[in-house]
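Heads up, the next two complexes both have chain A, just with different partners, chain B and then chain C.
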Partner chain A sequence: MDLFLQQVLNGVMIGSTYAVVALGFSLVFSVMRVVNMAHPEFFMAGAFGAYVMTRYVTTNVAGVLAGGMLVAAAVGLVVERLAIRPVRGRYVMIPFIATSGVGIALQHLAERVFGSDPVAIPAVVPAASYTFGPVSVTRMQLVTFAIAVVLMLGLRYYVRNTKWGRATRAVAERPEVAAAFGVDVDFVSRLTVGISALMAGAAGVSIGMLYTSAWAFMGLIYGLKSFVCMLVAGNRHVEGVMVVGLMLGVLEALVSGYLTSTLRDAVAFGVLVVVLVFKPNGLFGSYSV
Partner chain B sequence: MSVLLRVQDLDVSYGAVPAVQGLALELPAGEIRAILGANGAGKTSTVKAILGLVRARGTIELEGQPIQGAPAHRIHALGVAWVPEGRQLFSTLTVHENLEMGAFARGHGDGFAARVDDIFAMFPRLRERHHQLAGSLSGGEQQMLAIARALVSEPRLLIMDEPSLGLAPKVVQRLFEQIQEINARGLSILMVEQNARQALRIAHYAYLLEVGRLAAEGPSAALMASENIQRAYLGG
Partner chain C sequence: MSDLAAFLTPVLITAGINSIIALGLYITMSSGPLSVAHAALAGMGGYLGAVLTTNFGWPFSLAILAGMLLGFVTGLLLGLLIVRMNELVAGLTTLGFGETMAVIAFNIDYIGGANAFSGIPLRTTLPLVYAVLAVILFVAWRYDESRLGYAARATRDSPVTADAMGINITWVKSLTFGIGAAIAALGGVLRAHYILVQGPEDMGFFVSVGFLIFVIFGGSYVFWGPLFGAMTLTILPEVLRFSAKDRFIIYGVLLTIMVILRPQGLITRRSMR
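And then the complex of A and B:
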């Protein structure tokens, strides 16, 4: 029972970060019907941003986080301009291929700059852990969880309660009508990709700090997991993606705790197959493409 | 009377397929004018060109100012509002949020609440449905909301595409009365309709399109009286 509780807690901690990556990915898809294959590279850019910050600027957590997020957002805006805006609204495979190309270029650019081996990120959060009855949690886990929760609540507030968030929902449903009512759809595109990159960047910083390393090809597995989250949740409700991200984290932690950690990723994709067989539109419904 | 909208030599095509060719039309301020014609005559393409939603060649002027080639959100900011064919509400937004989207360009500070109140006086049903999702409204209520969403920006030009489509005859009757009331308050209206007989009853002037070209135009009374037009369009 203690192992179970501990693994559920660990799962929620890591799952919150999966959810943040998946949310940005899913947001871009539902607003612009673009499967942004470069999204994992925003995550990678955030981790390298954290590396550069700790190495040259500051080891203050807030500073590292802000630096990583800004680097990711800058990469996001370049990707939006090069591979999303010119092909938005076309058949879904076209932006898929365009963003894949830019994503591969970004991976190899990072490899050129930082080398093909992982670089070490020094610990910016002092090691400490807290015990609550049968379970314990590290300070690092709490920091990454807090970052994820703040980002998720922030996105929710933005989408539901702000003028541009409302415009974003309007564009998601009817881009042409939104434009005819005064919404600059290109601006919404930039804003949406920028926000998704900020979130992925923050997740990259979290994972970079948690595993104290950054690597040019680290995005791939997290990108695949966020793709799984979006497909399992369906892309109609951002809340659904959050729930599925958390569930995925818990599931993986339970598999690691009770079976073996080598099966961890197999389980994620196995679940995807099972869910799609029974609910092809995901658990919470999807827009058609 | 001053001309609010002037369109000249308008060409719209989709790839190699021409939808509108050499169209000219005018809307004097304060009038209702209708664009009539069968399915595929180029009516919707014409209004989408005016709205900046499709690429077009030719001249489109709003109060003498050329607007062709401008993006749709800029044209809207000049005072052009649209009631799209089939309503096209933001169905996942509430009635209130749809109205907020209607006023997106103007903002929600000065006078928004008063304008919404004004619109609710015209469409009391919408006040009751205020916090409901737009997708849950009946057909007639959705049409009211589509009009309300367009009016809340206080446009100079209202473009209505097939407002009567899919509505029950009784609802259509009431709708056309409301369009006349809106016009009587001074708003100029360009209306696309397949229901030519109804449209001619309230429009001052009409243009008849046939496969992308202007086939006839004139004051509604003259068109109603013309035998050719009676036979071709009014089922007479």
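And then the complex of A and C:
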């Protein structure tokens, strides 16, 4: 039972980061109908941003986080201009392949710059752990979780309660009608990619700090899991993606705790196949392609 | 001269094997699905063929047949699984399948796990690869002109219309997936008996994307496209001596530019007339 509780806690901590990556990915898809295969590279850019910050600028947590997010957002806006804007609105597989190409190029560019092996990020949060009855949690895990919760609540507030958030939802629902009512669809698209990149960047910083390393190919597996979260949840509701992200984290933690940690990465795809066979639009419904 | 032959032989063998797998992917894609699982299918064929020749002493030809059969059955099932999904979800499902296969291969100690399966006998030669490639090209050519080929293209262009015309979409999609997977597995068996190791990393996402690039770069509407794509993109980087890392940067950029400017690929049906 103690193992169970501990693994559920670990799962929630890591799952919150999956949810953050998946939210940005799903936001871009619902607004632009673009499957942004370069999204995991925003995550990777955030982690390398954190590495560069700790190495050359500051080891303050807030500074590292801001630096990583800005690097990711810059990469995101460049990708938006070069590979998303020219193909937006075309048949869905075309942006899929175009952004895959950018993603592959970015990964190998990072490999070229930072080397094939992971680089070490020094610990920016002093190591400490807290014990609550049968379970314990490290301070770093709590920081990661806090960042994720703030981002999730922030995104939810933005989408539901702000002017630009309403415009974003309008574009997701009916781009032509939104444009007719005076919404600048191009700007909303750019803003959406920018926000998704900021969130992915923050998640990259979190994971970079948590595992104290950054790697050119670290994005792939997190990216795949966030695609799984979006497909399993469906992209109509941000809350659905959050819930599925947390559930995936817990499920993986339980598999590593009770079976073997090497099978952990196969869990997501097992869940994906089972859910898609029975609910092709995801558990909570999707915008059509 | 012998230096040149020593340089060219491996390049040509690799190009031939890549062309075979790309043609398999072409046949799968002719009915619509974008498969990111063909590296995994080739890898499964490679593993099975290698185990049969190395551990059981089967003749190479039987190992090839066994590998193709495994590929065909797996492809058929995968095709059945994705037939009702939209293309995007289908693409991501094949991706998930490929990664899962790589994880599974990584964890089976009998086939070497993370250390790859090694000690495979050398069976693949340059004439053999090109003889097989010629057969596969003949098959792809006849396939393009066959009833199944027409039905597959109709299914890709408009599943609803194809269904209304009496084409059994489920059957066409899963059969073309199976045939394409069998050809990819054949390529995998040949590759395993040439490079003499078969590891889980040969089954992953990047390898699959490499094959996808061959098809999309060359053109996925006529069988010369994947042949041209695989040959050009395998031989040119070797001749120009790009390092493997730079090659992927260029692949990525090339893929993006191609799909933005010429999504139909370099060679189309019209340019063959």
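Quick note on the criterion: the second predicted complex is superposed on the first by the 289 of 289 C-alpha atoms of A that agree within 3 Å, B and C clash if a C-alpha of one lies under 4 Å from a C-alpha of the other, contacts with A are read in each partner's own complex, and residues count from 1 in each chain.
Here is the rule we use: a residue touches a chain if its C-beta (ideal position, glycine included) is under 8 Å from a C-beta of that chain, and two chains touch if they have at least 3 such contacts.
Not measured: the values here are computed from a predicted model.
**Student:** Taking the superposition on A as described, I'd like to know which of chain B and chain C A:105 touches: first, second, both or neither.
**Tutor:** second
**Student:** Given the touch rule stated above, what does A:231 touch, chain B (first), chain C (second), both, or neither?
**Tutor:** second
**Student:** Figure out whether A:181 sits in contact with chain B (first) or chain C (second), or with both, or with neither.
**Tutor:** first
**Student:** Could you figure out whether chain B or chain C reaches more residues of chain A?
**Tutor:** If we count touched residues of chain A for both partners, the winner is C.
**Student:** Regarding the shared-chain residue A:170, is it in contact with chain B (first), chain C (second), both, or neither?
**Tutor:** Only chain B is touched by A:170; chain C is not.
**Student:** Touching A:86 in the superposition: chain B (first), chain C (second), both, neither?
**Tutor:** The answer is second: A:86 touches chain C but not chain B.
**Student:** Using the superposition on A, tell me which residues of chain A are in contact with chain B and, in the other complex, with chain C.
**Tutor:** Common to the two interfaces on chain A: nothing.
**Student:** What residues on chain B touch chain A, complex-wise?
**Tutor:** 51-53, 71-73, 75-77, 81-82, 84, 88, 90-93, 97, 100-102, 104-106, 108, 149, 153
**Student:** Quick one: which bits of chain A touch chain C in the complex? Just the residue numbers, please.
**Tutor:** 35, 82-83, 86-87, 92-94, 96-109, 111-112, 116, 220, 224, 227-228, 231, 260, 262-263, 265-266, 268-270, 272-273, 276-277, 280, 289
**Student:** For the complex, which residues does chain C have touching chain A?
**Tutor:** 34, 81, 84-89, 91-93, 95-97, 99-100, 103-104, 106-107, 205-206, 209, 212, 216, 245-246, 248-257, 259-260, 263
**Student:** Taking the touch rule as given, give the residues of chain A at its contact with chain B in the complex, in rising order.
**Tutor:** Going by the criterion above, the answer is residues 163, 166-167, 169-170, 173-174, 176-185.
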